[in-house]
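Sending over a structure as structure tokens; questions will come in a sec.
Should a chain be cited, it is by its letter among A, B and C, assigned in written order, with residues numbered from 1 in that chain.
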Amino acid sequence: MSYLKLNSLKKTYPNGVTAVKDIDLEIEKGEFVVILGPSGCGKTTTLRMLAGLEEVTNGSIILNGRDITHLPPRQRDISMIFQSYAVWPHMTVAENIAYPLKLRKMDKHTIHSKVQEVARICNILDYLNRYPAQLSGGQRQRVAVARALAVDSKLSLMDEPLSNLDAKLRTSVRTFLKEIHRNTGATTIFVTHDQAEAMALADRIVVMNEGKIEQVGSTREIYNQCGSLFTAQFMGTPPANIQKVSLISNQERLIANDKNAETQFSLDLGNQSAFPGIDRYIGEEIFLAIRPENINISEPKGINETSIEIVEPQGAYTILVTKVFGSEWKIMLEGDIDIRIGQKVSLIIDPGKIMLFDAQSKKRVNFS
Amino acid sequence: MSMRPGKLWSRTVFLLILATIASTVILPILYFLTISFASNYEAYQFPAKIFPTFSYSAQLRYNAEKDSYTLLLKKGSTYEAVKTTQDVSDFSLYCKSQLNVLLSSAAVQELFNKAKNTDHALPIKLKKDFFRNYIVFFILAEGSMCALFNSLKAAGWTILISLILGGVSGYIMARYKFKFSNTFSTSLLVVRMFPAVALSLPLVVYIMKMNLYDTSFALAIVYAVPNIALTAWITSSIFKGISVELEEAAMVFGATRLKTLMTITFPLAFPAIIASSLYAFLAAWNDSITALIMTNNNPTLALLVYRTVGSSTIPNLPAAGAVVLLVPSLIFTFIIKNYINQLWGKVAL
Amino acid sequence: MNRMRRAGFFKSPIWFLVPVIIYYAAFWIRPTISVIIESFTDKSGVFSFANYVRLFSQKSMRTAFLNTILFTLGSAILQFILAFALALWLNKKFRFSNLVLFITLIPMAFPPAAVGILWKTGLYRFGWINSFLCSLGLMNPANPVDWMSFRNLYAVILLIIIDTWTVLPSVMIILLAGLQNFNKEFEEAGWVFGANKFQTLKDIVFPIMKPTIITAMILRMIAAVQVWLIAVMIFGYNVVPFLVERIAYNVDVITFAKYARKDAYTISVIVAAIVLISVSIYLRVSGEKQKGGEIA
């Protein structure tokens, strides 16, 4: 039996809005799980139900074999880092860290040494006697982490803790959080809308959309084997190039056409043998998704020909924008590419990296 | 889905609190309104009614042996004799003064005739002049209308003085840090600590010298003293809520400081400034003790109501006056309600 | 350098405060000083404590002093507890919370004179309070209670209740505004880290709300010390003496008595002193530590 189990968890607000519909999730001890999704997808509501800050409409939450569905937050043995940090402004840093320990009736000596310990880990020893108002955002964030760390909780919850930090600080705190997790091995659930954060931190990512789980998997799985069209659209910067196409077979080659576009563009996807079981989709409409980094270019060769419209050099890589099926597709190439606007190129696509999604269910079409 | 027992319990407690609050607020007001519509006769009835009545169920009986008529009013299941008279105008006067029922002599005569021609008591329905108390208080009683105007004038002046002086100080307090800024804002609070009555006494002397005694403007001068402080306090909270960046943006685009104030800051603060001026209105409208000292022949409405309570034994007339006194206060209080966050959100000592 | 500084001085925003300062000098400081001087001089203008000695030798004055303090403490404590509970409850945003807020605010709109009449019509022997109790069967209609015959402590308690009825909303509304600006995550952090509802309230909500609470309570205390109108309207002069009631009595009823003016001035100074002392004690007790800044 897994450490934390969410059984068809559901949340309907009194005004009738259903924020979370049937969430089933199992999490192992020590895992760092990131719930990722756009705003309003129900990820924060799910986390708040885990914390006990939101009443559960239906379903149950089992933590370490104990049903905590209807327990008040204080009886759940959890810790949490809030979006606004919620570092109490009327207490010093030391008091902030010590307060939860006092509530657990620890003796003064233990509390003191515990505060010192976590303050050292979080590098806030110098600020212990300051008030939060005298600290910067990043320092307050560390206090929030220290406070959560001090209580040896069964479950550590983090509600977009990095969203109020500036970009540079965000990466460093990210590394810091990962380091802490490696050292403590605390089971952690981290909610964010930032995929870079999710991919960097997670052992497993849970992608949520419209109150439902779209996909659960490792960073690699989520990124390269998107289970649904939504995940493909959501993950990646820039996101995958997506087009609704109809497939035809032409001399053992799989060709994608856009029925509605006036462009008459057709994309050669490669040998049909690379797509076992594709037969039933021939002549059908299907969603085609290709990540920008999975497209390469060559001198014009007569197939998949298009012209470059915009070049965005990024230093380590270059993003090219071109028109495919009349819409803008992005191509990401390593290094600084010397190319001019208007230049004709042929697109080279690795058939193994092509993702196809059913037009109705929007789920991934699996071959083999 | 079944309700958990804890939920059911909290729901009951919730409804209980709701009922308690509603009844402690609404019941007294309901009784009070009813009293303001009650005739003298009704005001003496016990237990008092909770809702006002519009008419009386009555009987008129002819007493042949004395050639007199007796009016009986329904009380519970029986009828109670309230007036016996032979005289038409006496009967009409009784109806008017004690029952708030307006009957002309001709109408009374007609009733008398009918009663005389029936051998049993004649059942009649007497229709109450519903707003009689209000008419008596405001139109028939001398000076009430004047008092109403005095109250309005005093309130108007108070608003003007408090807004101009208080608003400027509030803006300065919100936008500039100067050497004595803390002293200044604390002293604004201290001003409120000295009872207004105490100020009115020596001020009467100055006011008399300035030839302003017994005027609304003189009242406003006293009312404004604590209100300038309050207005300054509240407006500084409002101005603090308006981002300096908005002002700076206007100045960057070429507006002068004054123009910025008039076109950016003031319109943004306007609704809340109006609300804070309502506090000034209420202070002036509700006061009676300053008016007691500072006026002689031109009392304010609140003072008049206060005086009539002392002089009359039946509370229905002053109650009618108080209801009129209440109307503007009620309206303004509920306008203020919408601004509580802006008014009090950033207030701190 | 010197010139620039001088120009800065004349451009200083302090100049905009001059009209207010003049107003207060004329209509506050001047009368206040003359009141204080009057209270410390005898009829011939010689410095003396005679006014204070004379006043405190009167029994009614001592009672007024005691009653005022009782009333202020009692109403402040009662109103704070009720107002905070109500504000916490209304802040939860339940289905009818707006309607309930509307209803609870109504009494705030009552001018003191209207409050006086409303309760007077209720408190006399055949008033609506007894009518209501009779209709509930809690009282025998043949033998109603005469609430207006209450004296001393009972009368003060009655006045505290009436005062609470009218001013509770104005205290509540300030606290509610404070709660609405209160970051809910502070409270939630308390719950998550092991505090129960009471501990969260005591250790987190109260301390963070302190500036708002202090504001509400000081405004309340200043007003409570100056109670008089409801006492006079319900019981009449001299029945339940309060300090400001004594002032009103001197200027309204015995206007031409020998010491009426002197007494009124002296009591005013006493009232102002009580307000100042109690506010500073309150500030001292409630604000032992001052924290800089506020977190958005």
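By our rule, a contact is a pair of C-beta atoms (placed from the backbone, for glycine too) under 8 Å apart; a residue touches a chain by one contact, two chains touch by 3 or more.
By chain, with names taken from UniProt: C = ABC transmembrane type-1 domain-containing protein.
None of the values given here were measured: they were computed from a predicted structure.
The most distant chain from chain B is A, comparing centres defined as mean Cα coordinates.
Which two chains touch most often is answered by the contact tally, and the pair is B-C.
Chain centroids computed from C-alpha atoms place C closest to the centre of all protein C-alpha atoms shown. Taking the mean of the C-alpha atoms as each chain's centre, chain A and chain B sit 60 Å apart.
Averaged C-alpha coordinates give centres for chain A and chain C that are 56 Å from one another.
Between the Cα centres of chain B and chain C there is a gap of 20 Å.
Contact residues of chain C toward chain B in the complex are 12-14, 16-17, 19-20, 23-24, 27-28, 30-32, 34-35, 38, 86, 89, 94, 96, 100-114, 116-122, 126-128, 130-132, 134-135, 141, 144, 165, 173-174, 176-178, 180-181, 211-212, 214-215, 218-219, 222, 226, 228-229, 233, 236, 244, 247-248, 251-252, 261, 264-265, 267-269, 271-272, 275-276, 279, 283.
The residues of chain B lying in touch with chain C in their complex are 14, 17-18, 21-22, 24-29, 31-32, 35, 44-50, 161, 165-166, 168-169, 171-172, 175-176, 178, 180, 184, 189-199, 201-203, 206, 221-222, 224-225, 228, 232, 282, 285-286, 288-289, 292-293, 302-303, 305-306, 309-310, 315, 318-319, 322-323, 325-326, 329-330, 332-334, 337, 340-341, 343-349.
Taken in their complex, chain C has these residues touching chain A: 95, 183, 185-186, 188-196, 199, 203-204, 207-208, 210, 289, 291-296. Listed in rising order, the residues of chain A touching chain C in the complex are 14, 51-53, 72-74, 78-80, 82-90, 99-100, 103-104, 131-134, 140, 147, 151, 157.
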